[in-house]
Structure formats: structure tokens, C-alpha cells
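Same chain, two partners: chain A is paired with chain B first, then with chain C.
== the complex of A and B ==
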């Protein structure tokens, strides 16, 4: 696990990156600790991949400094860094065999043929690829290629591994399996994993800390649970999870909204937005006690772990509520039918608070 | 299960097959037959005699021409590849796709003029009193005899093949997935090692094909050795011309042509195997 008390492995200090007039990353300040699994998450174009590429030296920051292990890295070319990256496309060399791919980093570092073959074979064994060493890359399955790419990056025993959406090309069932492989690997090796993804399930399942980015800026940094239950801004609330947002003015512990007045957790008076997660909303026909609004039923969607019901409030806002199959059977909602959506006032999260 | 015969794809193949049959296979067979004919009183007579084959293959002069042509074609393949490579690297990696399209278009422009015309232009440029010697003379060098030599022929060969070699190389280099090159650097390869260990292997097919085309075009070129190489010592193409001129010896010329075709087949087959072959 990460130890934030020691000196950070990586520090971004007011890092800017512009491509011509397009600003990809704006005033990024962040520390990455040794041994931590950190995930950068955000929609495409949010700057997460550019941030990762700057760590690998594949892009140079326009301004600001990036230090790794206390050393300023701005002008260090990629081949003089020890920041192996696992590409989304994997970028395995098609003209080399599996074991030659894994050896590549050692060969470039001048490790003797015998030793590098032995070390590569150990990693192939560790990745359950023994027997595949002489295969060509195009003779492997997607999951096997994934593991070759990991072995190739880890064979040089780096302090940090960078991963750029490495699972996005895999089938859903393989993603789950590879998530397990990656987290176990990171714990065993004790090195830093910097993981970029647009998938919140990947980020939340694996990372110790998640960095949500939007428009080139950090929107929020925190543990997965913190971010999931306590989004700081509308952007994060809408990007993460299935959240409902209610805005209004707080007066003496009550939020006055277009939907009516609802109780809120302790917060000072003034403008406020609260977030109610879909799994904390109860749907009922009769008006319940406490926090509730009225909305008409639109549609339902099977989501595996439950059913998401979509509603529309009188002023056109969309609300989501997660219900069980038996609850749905009891409710028998019809399109346009009005319901009460209620929640425990204390389970709502006040944004910016 | 019996599949119903579907004439549709065959209809589209037919014109090509007919064309190739009528203008490639039939003449080839005819030429092979011709090589066994005899010439009597300056007139060709159908026969099945090995005289032409014995006369041509038994002659030292034929083999001198053969090895000279083979050597020049190999050299042209290598030299053209080496000259083209830096240019292709630039076109592939330092230009925008639009810039690259424009540059490749410019490389096609030389084909708009006859190669013979371009060879004549070189005669002027490389002449004893030509501009090249004038510049060298200004530096206190020369004058050099560049025409009617192996050098002159090589200039002609390069004029013929370089644009095509650059096009082949640029296409294959530009097609390399950018992440492969980044991955090489990411794994500790310096720019030079990236070039040797990743870029060249990844572009191998186009590089080999470029060299092979240079070889094939040079091997069969008549203009360069004749107008710029001074036709002495003769290449196989010049030997063919000389043979047909001397006493209507078309059958003996056919022998030379068939040896050339067999050589090109062998080289092309080996090269394609190298280009698309899988590393063991």
C-alpha cells in the first residue's frame, strides 16, 4: 500500500501541456506515492493519456515540472527513463517472437543473451505463458497478448508501471480476470501502477486512489469510495456512478428546490446542490416521510445487479432509482405514472461541502 | 454438398486471363520454341536443335555479360535502397500525411517523361564539357569521364529506379504503427537502435520489395547501359540487340531472353520469400 508520509515517487508541479492552441493539460499538481495503484479516469480528451505520456517522456510539458524520484524529468528522453508503458494497442513487435518481445528491454540495456533469456522465461512462466515463447504475436489470443505486454514491461523490474487503457480491447469476462491479475501483481511487486482508463468500474475496482480529470484539469482526487459517495462537483457526480442532482437554496437545514422543500444534512445557508445516488432512492406510490420529490416514470433498464428506473420531474430533470426485481414487480410502473422518490436525508451528499 | 457453379467471379477473371494468355504465355512459349530453331542463309527455320543453347552458354562472352548484368542489378538494388532510405525516413516520419501525398505525387512526375529523354539529359549533364565537370573544374578537379562507363550506367539505373524505391520504402515506413516506435523508446532503445531493431524489421517487406524492383528494372534495362554506359562491356540486354542484328540470330537472342527470365523468376521468388517470410 502507498505510504504518503515518505517522499512521493512522482510530482507534477503546475504542469501545462498544449498542442498548438489546444490545451490538453492545465496546471496539474499531483503527487504519486511509491507503491500506490493510482488511476486517472475521465472522458476522452480529458488529458489523462497526455498526463501518462508526459510521465513516459513521450510528450514534453509546455511548462511546469515533473519529477520522478526527486529528479526533474522534463528534458530526459523516453529511452533514458525507466517508465515502461502498456499501450492500449499493446504495441507488441509483430516481427519478434513472444520471448524476444519480452527480452527487448533487457537487450536494449545490454543484458547478456543467456541472462536475458532466463529472466524473460521467468516472466513468461509468471504470466502463465510457458510453452508460448517461440510463438508469433499473431498466434496468441487477446488475453495472452495482454500478458506478454505486461511481461515485456515488467522484465526490467521498474519502480513504476504505466498502463494506458490496457483492457479496453478485451472481452468483458477477460477484463474482470485481468483486473484480478493486475491488482495481485501490483500488490506482489509493491511497485507503483499508474493506470489510465475511461471505465469507472476498472478504476474503482483496482485503484487505491482515483484521479478524475475533465477538460485537462483534475476534478477530484480520492479513494474510490470517497469519490463514489462524495463527488465534489456536478462534473464528477455526472461522470461517476448513477447520481441524481438536486439544486436549490438552503435555509435552516431545508433545501428549497423547484421540486419542493427537502431536508438536507447540516450545511450553511445559501445555494447548494445535493447528490442522491440511484441505489439510495426508494420508489413509492404514497408520499413518504422525509426527503422526497415527485416524478413520472419513463422507462426501466436491467443492469445486472438490479433494475434502473428512469423518471422525469415536473421541470424536466432526469432521475434514476435502482430497484430490485421484486420491487419492480410490486410497483408495476407504467409510462407517465407518477411516483414519489425518497431518500434518507443524511445519505444525500452536499456538493462542494 | 454440391455447390452450384457461379459464373460471376469467373467472368471478371476472364479478360485478365485472356490477356495474359495471349500476350504473355503464348509469346513465352513461342520464344522458348524459337530458341531451338536454326538460322540458315539469314533465314529462320523451325527445328528442334540445341545448337543455339550450346553456342550461347558455351561462350565466355555470354557469361561475362551475365555476371556483369547480375552484379550491376545487385549493386543498383543496394545503392538505390541506401540512397532512398534517408529520404523515405524523412517522408514517412517528418511530413504530415498531406505533405507526404504531395511528395509521392512529385515522385511520380518523372515517369511522365520517357526514360530515354531523361537518359539523354544525363548525357549532357555528365559530358566531359558538361555542368558537373564545370563545377568540379572550378574546384580544381577533373575533368572526369563519366559517360560510357559503369558509373554512367549506374546514374541511368538510379534515374530509372529511385522514385519507385522511395515510394515503396515510404509506404512501408509510414505504415508502421506509431506506438511500436514509441514502445521501442519506452523500453530503452536509443533512436539509432529503434531504427535498427524496430523500424527496419517492421518495414522489411517494403524495403525488400523496393530493392527487388530496382534489381528487376536494372537487370532488364537497355537504355542506361547503351546510352550512358557506352555498351561496353555489354550487358545481357545489349547482347540481345547485338545478337539479333548479327545475321538474324533471333533464336540465339531467345536463349539470352529465357536465361534472363529464369534468373528474374529465381531472384523474385527468393526475394518475396525474404520479404514476407517469417522469422524462424
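== the complex of A and C ==
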């Protein structure tokens, strides 16, 4: 028998899901490990929510197998699984009080009234909702509802928690706070969190591993840093982070592009695309040494951590560069003004390399 | 919503006066000692009530009406809820046709409906029985129950039922612990409204009732004999019963909006 500690908790093997003629998920192969925080990220319609719903048993795969804890789960109905889901809408029961919502899962499993009330109260306490147990759901704030939904899902002590864009309805400052609550909870409980989101900041801030999906397929799987700095394809590069993509032909360590010739990290000769992250681009008026291209200024956008300046190259490609406020004050760019955008040749990432 | 203008208020007042004046008149004359409804009024009396409710056939008719209304409301609400839930839960071919058929009966002229019911019920040997009236009233009242339940289900977060499954509830448990509690006010409201529809309904009942008369049928038969203020007394009681049911239904609908 396989060692239960190293054996993955969930395995997708060639999982395919079609709704009529629409293919939502194609040939998905993935292992989810015990105790990991994994985030599925991608634009809407990429298949991430369908994947999550298949884990919860709300959809059955058209072909392929899904195993949870070594058992094939394809046709196990949702109520016979232990895969609680935190819904995007939270789906709290409006006709039940807070504590009745939390104990619902225990009640359905036939836990005696006294015990289930006690266990629900413990979770309310843990979620700092003590004193709210008799409230109705519509008497709670957004953040409190979120914590009730978490308590309701976790009260049965599952091995895995599924989360479907649970923070999308919250205010920005609450999102940051709930991210902290979620990561701390996941570490404390040591259980698997499967998190679906379209928000890059949520996925990268919380997850141990991120799965980028597009058109029903996995585009890339990896640690947040790996994906952020080393996107494997144009799709990933454009979806995560603020990346600039430069394509051309490599000859003897130099990339020949429409924008001129720039040095690149060691790579075989032939066609290649490099990715330069916006925060690694330096904007200057005079031509600097090394890798640089010329582009005209379009506009700037304040982005919290810095200012993103948008440029356009001679052949119409958009470039982004992140600058500080003082840099912007020195540059004083005007629309249409030409600049040099430069970067350390070794900080560029070669795609597909 | 825009507040009503002065002219709007006058219009509304005139409308309600027009609708309710005959009923109010009937209530007033039920307490008037004069034999014929003329002004000025005579003296106050409850004599018409005493006389009307002293008649055995009035009590039989009231009993018939109550039995028919009670059974009809349960059956119509059950079928109406089941129809609405089917619509909510499942997508299938010809769903539009299914809904159109389910909502059809109130749009048919009642005379046609009554004749058809009479023909059909006599074929199966139920014409003239309370069972026959119940069947006819269930056909008439079910679409109302369905409409109320459908409205309520449309206010439900579609994830709510799946959330119950996700937390370990099977199909029936989810129905019992989530769908039914959520629809509770709508179901009670449907019970009241379908009971009122049945209690008031005259034309179809007149066709199929035979000797088992309901209250509206009895009123017509008394009226055919002569104009008697006892009719006002019976009418007042019928009006109050129906209005109570309809108001109860409305209150439940409004309360659930606030809960929303």
C-alpha cells in the first residue's frame, strides 16, 4: 500500500468535462497534496470553477478519473463526500440563526443536538463570532458572514476545504485581512485548501502552489514566485503580473527584434520570446548601456506600490514600466515623448526555454 | 419610487371607492332593519344574521365550502409547489410549453371550464359530489399556488440547495431543511390564497355542485327567489372570510420581502 503521508490527497487523471458541445475542462492531470494551499487562477470561463465543482461532486467528469484519498470519486454524490465549499455568494441559510448555520453539517451527519451545538460554539469562538450566535444572517457585516461561512464549512473537520472566490464580494481592506485569516487557519489546521480565484494578488499572496488555467487547460503549475518570474507561455505572461513581451530571433546571445538588437541570457539560436517584468524596467532619457529599446510615453497610472507608466514602441507594442513617484517627478514625461526602456539582460526571462 | 402626486391620490381614492362601495353598502344594509335597501336607513339590527344563520341549509353550504376550500388549498398548494420546484430545479425540452400549460386554467372562460368539468366529471361519476367540486377547484387554484411558490424560489440563491448537499444533506434532506423552510411563508400564503379562490368561486361550482351547494351557489339560489337582506348578512361573512385569507396571504408576501 502506498504511504498515506506522501500519497497525494487528490489526483486528477485525464479529466475531461463537457457541457453539451462546450468543453469546460480538457485533459486535466494534477495532484493535490495533503496540507497544501493550492490556488486555481485564470480568466472567467477557464475551467477553474468547474474543476472545483467536480471536486465537490456537483459535476461529474465526462471522462477520466478523480481520486480523493485513494478512492475513485467520479460518481459519488456531493452529500457523501467530505468536501465542504465556501461559496462565492457564501450561500448562508437566511432562515437559520448564525449558530444553526454553523451546525448544519453536523446535523445532517446525525450528531446529537448537544454535541453539535458545543462544536458549533467552539468554531464561532475561534472565528471571533462569540455573542453573535443567535443573530440572523442579515444582521451581520460582510466580514462576519465570511467567517460564519468558514465556520460552517470547517465544523465537520474536513481534510480539505474548497473555496470559490470567497473574497470577491468584500471591500479591499477586508480582503487583505481575510487573506491573513485564511492563511493562518490553513497553517493551524494543516488541511488542504483548494482556492479558486481570478485575482492574482489573492492567489500569489496565499497559495503554496498556483495553477494557471486557460481555455480549460492547465497553462502552468508552480510556486507563486516561479510563475511570477518565469511564465512559460505568452498566455501566462500576459495574465500574471505586469509583463512586457519581446519577440525575435536569437543569434549568438543577441535577440534581433523590430525594436533593435538586445542582449539576452544564454539561449539557443532561433526564434525566442523574452519577458521583462515592469518592475525591472528603467526609464531614461539618454541611451543606457545594455538591453534597451525606444518607446514613446502614453500615460501613467497610480498603482499603490508605485506608478505604472505606459509606453508604445514604434511597431505598436505596449510596454509598461514601474517607477517611483520621485522618478516620475524627475522624468516629467509628456505624452508622445520618447524614452529609453532598459533592463538588466540577465533579469529577462526567456519563454519556453 | 416616486411619491404619489395630489392628483394620483384622488385617482386612487376614486378607484377604491368605486371598487369597494357596493361591498360597503352590502355590509351596511346587512345591519339595517328595512326590508329593502333604501335611504334613509332604518334602525340597527342583527336580525338578518340571526335569521340567515338559523337556516340549516346555510350551515350545510358553509360546511361544504369549508371542506372544499381546505382540501383544495392543500392539494393545489402541493401540486403548485411541486410544479414550481420542477421549473426551478430542472431544465428540459418543452419547458416553456410546460409552464404555459401549468398557468393556463385561469385564462380560460369560466363558463367553458364549468361546462367541460361538468361533462368530464359526469363521465367518471363524480358530478354533483364534493370530490367533483374539489377537482374542479384544484384545477383553478393550482396556478395561483404555483405562481407564488415560483416567485419565492426565484428569490433564492441557487447555491443554497447545493450548499445543503455540500454539507451532507441528501436530496430529501435538502428539500426538508432548506427548500421548504425558505419557501415557508410562500407556502402558507399559497394555502390562504387558494382557499380564498375556492371559497369564492361560483361559476364552476354552480355547474358541478348539484345538490351539494357551496356558499356562493346557495346565495344565487336565494337571490333567484327574492331579494332578502339575509343575502347581505351571508355576503358580509363570505367577504370577511375571503378578505382575511387574502390579507393573510399578502402579509406573508410582504414580510418575506422585508426578510429578503
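To be clear about the criterion, the second predicted complex is superposed on the first by the 348 of 353 C-alpha atoms of A that agree within 3 Å, B and C clash if a C-alpha of one lies under 4 Å from a C-alpha of the other, contacts with A are read in each partner's own complex, and residues count from 1 in each chain.
Just so it is clear, contacts are C-beta pairs under 8 Å (C-beta built on N, C-alpha and C of every residue); 3 or more make two chains touch, one makes a residue touch a chain.
If you're wondering where the values come from, they're calculated on a predicted model, not measured in any experiment.
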Query raised in the report: Just from the overlay, do chain B and chain C fit on chain A, or is there a clash?
Result: clash
Query raised in the report: Who does A:97 touch here: chain B (first), chain C (second), both, or neither?
Result: first
Query raised in the report: Where does A:61 make contact in the superposed view: on chain B (first), on chain C (second), on both, or on neither?
Result: neither
Requested in this report: Please indicate which partner A:231 is in contact with in the superposed arrangement: first for chain B, second for chain C, both, or neither.
Outcome: neither
Requested in this report: Examine A:85 and indicate which partner it touches, taking first as chain B and second as chain C; both and neither are also allowed.
Outcome: both
Query raised in the report: Of all the chain A residues, which ones make contact with chain B and with chain C?
Result: 56-58, 77-79, 83-85, 87, 89, 91, 93-96, 104-105, 107-109, 152-153, 156
Report summary line: Seen from chain A, its contact residues with chain B in the complex are 56-58, 77-80, 83-85, 87, 89, 91, 93-97, 104-105, 107-109, 136, 152-153, 156
Query raised in the report: What part of chain A is in contact with chain C in the complex they form?
Result: 56-58, 77-79, 83-85, 87-89, 91, 93-96, 104-105, 107-109, 138, 152-153, 156
Query raised in the report: Touching chain A in the complex: which residues of chain B?
Result: 177, 179-180, 182-191, 193-194, 197-198, 201-202, 204, 278-279
Report task. Flag every residue of chain C that touches chain A in the complex, lowest number first. Result -> 157, 159-160, 162-170, 173-174, 177-178, 181-182, 184, 259
